Structure formats: C-alpha cells, structure tokens
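Look for chain A in each of the two complexes below; its partner is chain B in the first and chain C in the second.
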Partner chain A sequence: MTWRDAIALARRSVGRRGGRALLTVLAVALGAALLSSLLIASTAAKQRVLDQVSEGGPLAGIKVVPAAPNPGSLDSDNPSPGAPRPLDDAARARIAQLDNVVSVVPVVATPVLIVPPDTLPSGAALTPRDRGPIFDSEVGVDLARASSLPISLLDGRLPIADATTEVAVTLDFLSRIGVDKANAGRVLGTELMLGAPRAFGTGPGRHFRALWSRVVVVGVVAQEAGDGLLIAPIALAQTTREWTLRGSVIDDLGAKPSPYTALFVVAHGLEHVPDVRSEIASVGFSTSAPETLIAQVQRYLHVVELVLGGIGIIALAIAALGISNAMLAAIRERRREIGVLKALGAADRDVRRVFLVEAGALGFVGGTIGAMAGYGVASVLAAVVNNYLASQGLQTVSLGLPGALLVAVIGGATLLALGAGILPARRASRMPARQAIGDD
Partner chain B sequence: MATGRAARAWAGALAGLVFLTGCAHSHGNATGAGHASGSIPARPALLVLGGADTEGEALPDRLRTAWPYLVYREAMPRGAVMVNGAFEHATAAEALGEQAPLDRELAPRFVAMWIGVDDLRARTPVRTFERSLTELIHIVKADGAQHVLVADIPDAYGNAAATYDAAIRATVRSTGAVLVELEPVAVHFVEADHLPPVADTATHREIATRFERALRSTP
Partner chain C sequence: MEHRPAAGVAVDVRGLSFAYPTPDGPLTVLDDVSFSLPAGGVAAITGPSGSGKTTLLSLLGGLDRVPRGIVQVADHELGALSRAEIAAYRRDVVGFVFQDFGLLGQLTALENVELALMFGGGSRRRRRERARGLLSSVGLAHRLGHRPRALSGGEKQRVAIARALANEPRLVLADEPTGNLDAVSTATVLDVLLRIPTERGATVVVCTHDQAIAARAATRLHIDEGRLVVA
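Moving on to the complex of A and B:
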C-alpha cells in the first residue's frame, strides 16, 4: 500500500465519521488555542514588564554619569555618585573599547526656557499651570541610535537626528501645559520657543539673555527624559549648551561643565552588565543600571511562563487523549474494513500507516485552527488592553506575529496527535484478519 | 467503549476549562527609530539691539508680546535663532560696549535696532549719538549682517525726538541700513518699576508690524 492509498483511506474514514472527526479536531484546536494564546500572552507580558523596568531601552543598558564611582556602593543598581568628573570624548572612547560593550550613546542635558503658545494646533486654548515660561532642561541624544536608548514613543515620532527645529516632549511637559496625557497627540505640531539662558556679569548687575530658537513638537515620549522635559537631537542641545556655558555663571542655571551629562552604554547581554559596570568604575566613572531588578523580574516571569505553558500543554494532552479515544472507537467500528484489507494482503505497517495518517491529519488541522484562533484571541485582548493603556496615556503594546511560536504549536499538536495514534494504530495493525472479519 | 466515554468526558472538561480560563494580554515596544546624524548647519540669526522698550521690560508677558519676539516669530524662518541683546538705559554708546560683542559672536544675518530713546532721556549730544550709532551699524555690517533695520523715535517721546530722528535718518542713509519709521506711531505708555514709562502691548504690536514690513521690503 502506498502513502497515497493510506491518505485516501484515512480521508474516507474521516469523511464517513464527520461528526466525530469534527469534535476531535475541535478538541485539539481548543488545546492549541489555549496553549498559543497563553504563550503569546506571557511573552507579551514579559516584554512589557521588562520594557517598563528598562524604560523602553535595552535590558543591558548602563547609565554612566560625570562623577567618580562611590567605593561604598559599587554593587548597587543606583549608587550615589562620587566627586564630579568630566565625561568627555576620551572617556567615551575608552568605555567604547571595553570588553562586551555594544554601544555608547552620549547624552547632553542643558537648561532651557520654554515658551509654549497660547493655543494648540487644533485651536484649543492651553490652560497651563502657570502662564509664564517653563524653566527646565532639554535632553539631547543621538537619535540615530534611539533604539539603544531608554526612550519609548507614546505618540508621533522622534525628531530627525540632524533636525534643528524638532523636539519630542515628555508626559511631564504635557502636565505643565495643562494637556491631559490621554490627549497627548494634540500637542503634535505645536511650535515652542526655546531660550538657552546665559548670564552676563556677576553680582547685583548680573543679567540674563537667551539664545532663542523655535521648534515643533513631533512626538511624545512615555518616560521622563532624565531630568528634562524635551528630547532633542544632540547637536541642537550642544549648540544651546555652548551658548549657556560661555556665560559668567553656569551653576545657578543648572548647567554642568562636563562635555556630556551622561553616557548610555549597552552591554553585550544582561549577564555582562556587572562586568562592564566594574570596568567602567575602573576607568573612573560612576554607573547605574537596573540589572538586579531586571534579573529578579526575569526569574519571576520565567516561572509564570512555565505555569502558563504547562496549562496549555495539559490542555493539548487532553485533546490528544481524545484523538486516542476516537481512534480506538474507530478500530472497533472498522474491524471488517481492517479484516478485508488484511485479507487482500495489506501488511501490518499498511494498516498502521492508515491510522497514523488519520491521527496526524486531525492533529495538524486542529493545531492549525487552534494556533490561528489563539493568535486571534490574543490580538483581541491586546486591542482591549491597548485601548485602556492609551486612555491612561501609557505606552501601548504590539503583539507582532510570533511565527515561530505558531509553527511550534502546530507542529507540537501534530506530533502529539501522532503519539496518541500510535497505540490504536498498533492495535489495529496487529488484529488478525480472521478475527477482524469473524467478530463482526 | 469505556475508553471512548472517558475521552468524551475529557473533551467536555477540556472545553469547559478553555472557556473558563480565558486568555491574556499583549506586549510590545514602540521605540521610535532614528535617522542619520549630523551637525547643525549655520542658522540664520536675528540680533535685536535696544533699550528698556526693546527688552520688553514691564510688559506682562514680554516673551510673547514684546516687539522683538513678535518679529522673530512672525517674520523669521523657523530655523532662525534670535538674541534680544537690549537692556534698560542703553544709550548708543553703551550698546556699542555691551551689545555689539553679541554681534561678533552670532554673526547675524539680520539686525534690528531701536536705539535713541535712552540717549534722548540722557540728553546725549546728538553728534555723539550719531557717531556711536554709525559705528554700531558699521560693526554689524562688518560682521556680516545683510539686513540692518534701524528704527527712529516716535514723536510721543517728546519734542527732542525730532532732532534725534534727523540724526538717525542721516546715519541710515550714510550706512545703507533700512529705516523703520516709528515716528508717527501713537505710543501708549505703561508705568514700570525703576524705569521711565515704557510702551504698552498694543504699541509693541504696532512697532513689530512696522519692523516686519521693513524686513519684507528689504531685498
């Protein structure tokens, strides 16, 4: 008997008992749907939690500040830094050459006076806490490497890396100008006037002048940008900072003499973060990284993944038992057919093949339907969750298409069904032809 | 048959379990992508020189309503930067010493100045005022300013304004600057602490309009 004959016989058998086959497929589909939706959900939840912990940046991110390390708190995630120490290009180059360092992104923060307009682009009037200008900081980063930074976009986009008239704002900025975070998108397109302050003279005669520029809000980010309200291309922040640093007094304005106010270092994996931090300390700079917190969270999430995966696998195993049961029932009903096949010269392996094909097909079809249904359920729930997150002004999430996971679920369901079909197939194949025909 | 019944029972239990268990949430990271990096090109700059009125002192919301900020927002391209170098009691001679250095640093393409009110109040000799103003215009032109706008003094500042206005016009003619005629502007004054009365918000609006018109008329 060829494979084609076996498939034809299996198809005919399934078609003859359509109701039972449908129920069996449904059982497998439900198991696969449960497994796939739970795995998609747990993967998604894990990613979301880790994003929150790492503020949307790489898990192996390390912040280097312009200060010497504090010997008393080297093992802390967020140690108090030691004495101030300039963080310049030489330090940046040295840190970039350390083992297991993937990237080093400089950060420049500079004091800035922000003058919002009276109205939003929609024409709605702004109702800020205070009508006066806002004195805060602008944080400049290399936006060409935004994916290496703890920045999560809530609405709009990030400024173009070499733009001179674009910024992104933080949720705290929205609060300062009286815009609810659920309406974050309304500030997109708003023009702000930014003034980099500079002190002239000292003592009682000291006065300030600002270098003014006009920028457009192109995005809203979920996290606070360090100590600033705005995220800008680094060259823009450096230009305004240079203006401020040429003044007679800089400390009172919150400006720091260090060329970079921070470096954001990404290590080659979470496991290398302690080593990289230690090496950076030996270079002479204080660091902070949520490594301990992330490791703990990952451990907890792994347990959750195991539990949810276990529930799904149990469901699939139950479905496999259903297949086994259906096949055993089929053997009893098809004894005459098995007897005839054997009388006509079919070997044991031929009979076994027919039953295994039937079991495998039920598993494959059920697994495919279930995997798709699981993805659909997870997508619907993701949409509901995203609606809620958006209404709360929080970063939304996206499932993506977990292709490998879906293929694994379909493959797993098929293999499980084949496994469940082995015993019935063996029993059918070992049934003597005479007994098969005679018993009927 | 017993096996079949058991399996059907399991199937029923499984269906119940699936419907009761429900499912889950979602995940993701909407980190934005970046673009090519580069340095900021030289940006057109506007430098404003003047006294207390130009500084916008005593206006309730000077960063939005004082004439330099109105001109900057309404008449300059978005990519331009602006420094308002004005300060109170700035005569032309003091502007030379205190405000002209900003010009060297910024090398602005546009310079707008309203100087003379404090000279008028300080009774600076007109010839001295004219000399200082001429020197100031020469400095900004030498530093690369392509559009130099110089405003005269509205009549509302007193009878002496006409004398200074004549000097301003003569200087503008000799230096090739652009005159912004404020002479006919009806100035409404507001009281200011430690300062002589200064122009009110509506007057700043009118002054800004005249500067903008002059700026647009320049080639």
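Moving on to the complex of A and C:
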C-alpha cells in the first residue's frame, strides 16, 4: 500500500467519524494555539525589552566617544572616559577595519538655539517650560543607516537622509515645550526656528550671533545616539557646527573640537562585543555598550520563554493524549474493518500506515488551525498592548509574521500526533486477523 | 517425513487440530481433521453452529496460525509461513466472502473492490479498470459509485465476491455467503459463486447450514464437534 493510498483511505475514515475527528482536531488546535500565542507573545515581548535595553539600536551596538580609554574601567558597560581625543575620519577608518565590525556610523552633535512656535499645527497653544529660545543640541546622524543606531521612532517618520529642512524631536523636547508624550503626534508638521550660535570677540566685548534656519518636525523619537533634543541629517548638523566652530570662543557653547561627537559601531553579534571593544580601546578610544545588561536580560527572558513554551507543550501533550485515546477508541470500533483489511492481504505495515496517517492528519490540521488561531490571539493581545504603549508615548510592539515559529508549531503538533498514534497503530497492526474479523 | 499432495489437489489438510485457550483449559474446535479438495471445484462444509466450520475456513485462509497438522494450499504450507508471508498469501492466493459482506462503509462499491488491489501495487488506473471490470462481471456496472448503505444485500454480496476475485485467487472461501439474503438474492449470489471454478479456475469452499446449497457442491464435508464426519 502506497502512502498516497493510505492517505486516501485515512481521509475517508476520518470523514466518516467527523464528530470525533472534529473534537480531536479542536483539542490539538487548542494546545497549538496556546503554544503559538505564548511563544509569539514572549518573542515580541523579548524583542521589545531588548529594544528598550539597547535603546532601539542593535544589540551588538558600541558607542565610541572622543576620548582615550580609561584603563581602570575597560570591562564596564559605561566606563568613565579618559583624556579627550579627537574622533576623525582616520580613526573611523581604522575602527571600520577591525575584525567583527559590521558598521561604523558617525554622530555629530552641535549646539543650537531652538525657537518653537506659539501654537501647534492643530491650533493648540503651547505652554513651554522654558521662556525664550531653548539652548540645547542637535544630533546629526546618517539617517540612511538609522537601523544601526539607538533611535526608536515613536511617531511620524525619520527625516530624509539628505534633507535640509527636516528634523525629528525627542521626548525631552516635547517636555520642554509642554506637550504630553501621549500627544506626541500633535507636533508633527510643526515649524521650528533653529539658530546656530557663534561667538564674536573675547572678554567683555564678546557677543553672540546666530545663523537662523527654518525646519519642520517630521517625527518623534527616543534616541541615545547623542545628547540633544533634535535628530537631524548629518549634513545639516555638520553645516550648523562648522558655522559655530568659526567663532572665537567655542568651549562655552559646547561644540567639541572633535570632528565626530561619537561613532556608533555594530559588532558581528553580542558575543563579539567584548573583543571589538577591546580592539577599539587598543586603537585609543573609550567605548560604552550595554552588553552585560543585555546578556543578563537575555538570560532572564530565555527562562520566561522556557516556562511559557513548557506550558504550551504541556497543553499540546494533553491534546496528544486525546489523539491517542481517540485512536484507541477508533481501533476498538473498527476491529472488523482491520480484520477485513488483513483478510484482503494488508500487511502489518499497511494497517500501521493507515492509522499513523490518520493520527498525523489530525495533528497537522489541528496544528495548522491552532497556529493560525494563536497568531490571531497574539495579534489581538499586541493591539491591546500597543494601544496602551501608544497612550504612554512608548514605542509599540511589532509581531511581524513569525513564519518559522508557526511552521515549527504545525510540525511539532504533527510529530506529537504521530507519536501519539504509534501505540494505537501498532496495536491495530498486530491484532490477529481472526480476532479482528470476529469469532465463530 | 515431508508430505506432498497429489497432482491436481488445491487443498490438502492432514491431522489438523485447533483449540482455543479458555480459563478452564483448551477448548478443542478441530480434532485431527484430514481431507483434500481438487483444484477448480466447489466444496461445501456443513455442520451445526460451533462445530468448527468457520475455524476451518480461517485456517485455510491464513487468518489463524496452524497449531498442529499440515494445511497445504496451492503449494503453500501455511504452518511454515512467516507473518509477512501469510499476509502475502492472503493477498495473492485467497479471496474471502463473508456472511456480513465485510464492505467498508466509507468507500463506494468500486473503491471496495479496488481496496483488495491496493496491497499488491499496480497503478491506480489499472486497479480502477480491473475493479470496474469485476463489478461488471457480477452485474453491478450501474452501481460503481454507490456506497454499501445504498445497495441491497444481494448487491453487497456481489461486490464482496468481486472484491474476493480481485487478485485472481486460487481459492475462494465463502462463510455463509447467503446467510443474510432473501431467496432471490441467494439464487443470484450462488449463481455468481458457483460459476467461479469454470470461469476463473479457482477452487471455491463454502461454509453453509443450507443443505440445498451443499447439494450443489461437488465435494461435501460435514463437521460435527470438530471432527470430520463425512468426507
């Protein structure tokens, strides 16, 4: 008997006992739904927590600052830097060539005067905490490589990489202009006046002038790329900075002489972060990375995943027992049928095959329904959670379509069902033909 | 000493005994039974209920192991066959016709006949053609797509006979084939069964209570309390 014949026969047999098959499939589906929803939810939660810990950047991200390494705190996640040392293109090139370095993204922070409007685009009045222009920093980064930076988009979009009139603002900026983070979206489209300050003269005659430009707020972000209230395309920040640096006294304004305020380096996996940090230190720069914290969080989250996965597997195992029970009952009912198959010349393996196919089919159908239902449940949960997170001005959770996980759940349910069907199938195949046919 | 049946003998049974284990000890059902059946004939086994007729049929058909004695069917000594060989024997050498038809309710008449061909390989198309031909030969060409519940008793038994003939068996074993049928259906089914030796060359062994049926058989065996009374 071929597998195709066994499948055809099993399909008819399952169809004939539709009620029982439906109940068995539902039991498997429930177990699979529980398992998949727990795993999907825990995976999304894990990603969200790691995003939070890594401030939205890659887990293997390392921040290089324009300072020499401090030999006393090399192993610390956030060491105190040593003496200032300029981060220039030569240093950037050397770091980019180190082993296990995936990317190096420069960061430029420069002081700016920010003048918010009196009202938002919606017409709502602003009640800024600070009177007059806000003096803070603008952080310029290569926004084409924003995924390699600790920047999380909370609302709107990031500025276009080569734009000259677009910026994104941080939650701190919202706080400074008196906008609640739950209403972050309301600042989108707001026009800001940005002033690049320059000092003229020295001593008592020193005075300041600003080069003013107009920009539009296109997004709201949480970011740790640099200290500042605005995220802007790097070219815009560099232009601003060059104007400021041409002034007479720059230290008072906070514009550092280093060409780059920081470099953000991504290593080839969390396990390579210590080596890369060590190599960067040997190049001569101080680094910081939340590697220890991330590793600890990952360990805790793995335990949570194991517990949740265990609960789901127990549910699936109970469903498998249901399959086994249903199959044993079916064998008792179908004794005569088994006898007829044997009388017609079915070998033990033929009978075994029919029953295993039935068990596998129940597991596959139940697993598929359950995996889809689990994804649906997780999506509903994610929507509720996202609603709450958005109301708190926090980055939302993204489930995506965890194809590999769903396929694994379906495959697992099918394998478990096959396992549950082995004993009944073996019992059916070993049943003496005469006993199966019936007595005299 | 090795026993060899005479030429032209389809079934040769020597010293066959069979007992069921019970809490009170073995219950003997067949006791030292010996007989031979010629190839291509019809034999009837008669006897009261519980006399051992069905057990004898089961042993001839390989549904039970032969515990003592020799049962030789078409060059196969059943006692010497392995579990896999006995399955192949049931598939290739024997065709069964049961009193309650033994049709699978979830399959159509055509599929029930095809079922017997599934275990021997062959293409699906060829199996279907053969099943269709067999059902036509028993007068059921118009009932191919009907499930057993839509067939009369006589039609079900003719489907069962078509299925028994699917693998061109050399021995057809029919256990009370007309026990559940009315007179008209009995006549039709008997007609089909008794034509088998001449049309297909197979030996037919029928277990029956019905002396009228037994009278139409060339060989008659009567069993009473496990012993062959008339041979």
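Just so it is clear, the second predicted complex is superposed on the first by the 428 of 440 C-alpha atoms of A that agree within 3 Å, B and C clash if a C-alpha of one lies under 4 Å from a C-alpha of the other, contacts with A are read in each partner's own complex, and residues count from 1 in each chain.
The rule we apply is simple: a contact is a pair of C-beta atoms (placed from the backbone, for glycine too) under 8 Å apart; a residue touches a chain by one contact, two chains touch by 3 or more.
Remember, predicted model here, so these are calculated numbers, not experimental data.
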{"item": "Clash-or-fit label for the pair chain B, chain C on chain A", "value": "fit"}
{"item": "Partner chain(s) touched by A:12 [first = chain B, second = chain C, both, neither]", "value": "second"}
{"item": "Partner chain(s) touched by A:125 [first = chain B, second = chain C, both, neither]", "value": "neither"}
{"item": "Greater residue coverage of chain A in the superposed arrangement, chain B or chain C", "value": "B"}
{"item": "Angle, in degrees and to the nearest 10, that opens at chain A between the C-alpha centres of chain B and chain C", "value": "150"}
{"item": "Chain B versus chain C as contact partner of A:41, first or second or both or neither", "value": "first"}
{"item": "Partner chain in contact with A:337 - chain B first, chain C second, else both or neither", "value": "second"}
{"item": "Partner chain(s) touched by A:33 [first = chain B, second = chain C, both, neither]", "value": "first"}
{"item": "Chain B versus chain C as contact partner of A:329, first or second or both or neither", "value": "first"}
{"item": "Minimal inter-chain CA distance - chain C and chain B, angstrom", "value": "23"}
{"item": "Complex contacts: residues of chain A adjacent to chain C", "value": "1-2, 5, 9, 12-13, 15-16, 336-337, 339-348, 350, 432-434, 437, 440"}
{"item": "Residues of chain A touching chain B in the complex", "value": "23, 26-27, 30-31, 33-34, 37-38, 40-48, 51, 56-57, 113, 115, 118, 131, 133, 142-147, 151-154, 157-158, 160-162, 164-165, 191, 193, 195, 207, 209-214, 216, 219, 233-236, 239, 246, 308, 311, 315, 318-319, 321-322, 324-326, 328-329, 332, 374, 377-379, 381-382, 385-386, 395-400"}
{"item": "Sites on chain C touched by chain A in the complex", "value": "29, 50, 52-55, 58, 61-64, 83-84, 87-88, 90-92, 96, 98, 102-107, 115-116, 118-121, 163, 167"}
{"item": "Touch list for chain B against partner chain A, complex", "value": "1, 3-4, 6-8, 10-11, 13-15, 17-18, 21, 23-41, 43, 61, 63-64, 69, 72-73, 78-85, 87, 102, 105"}
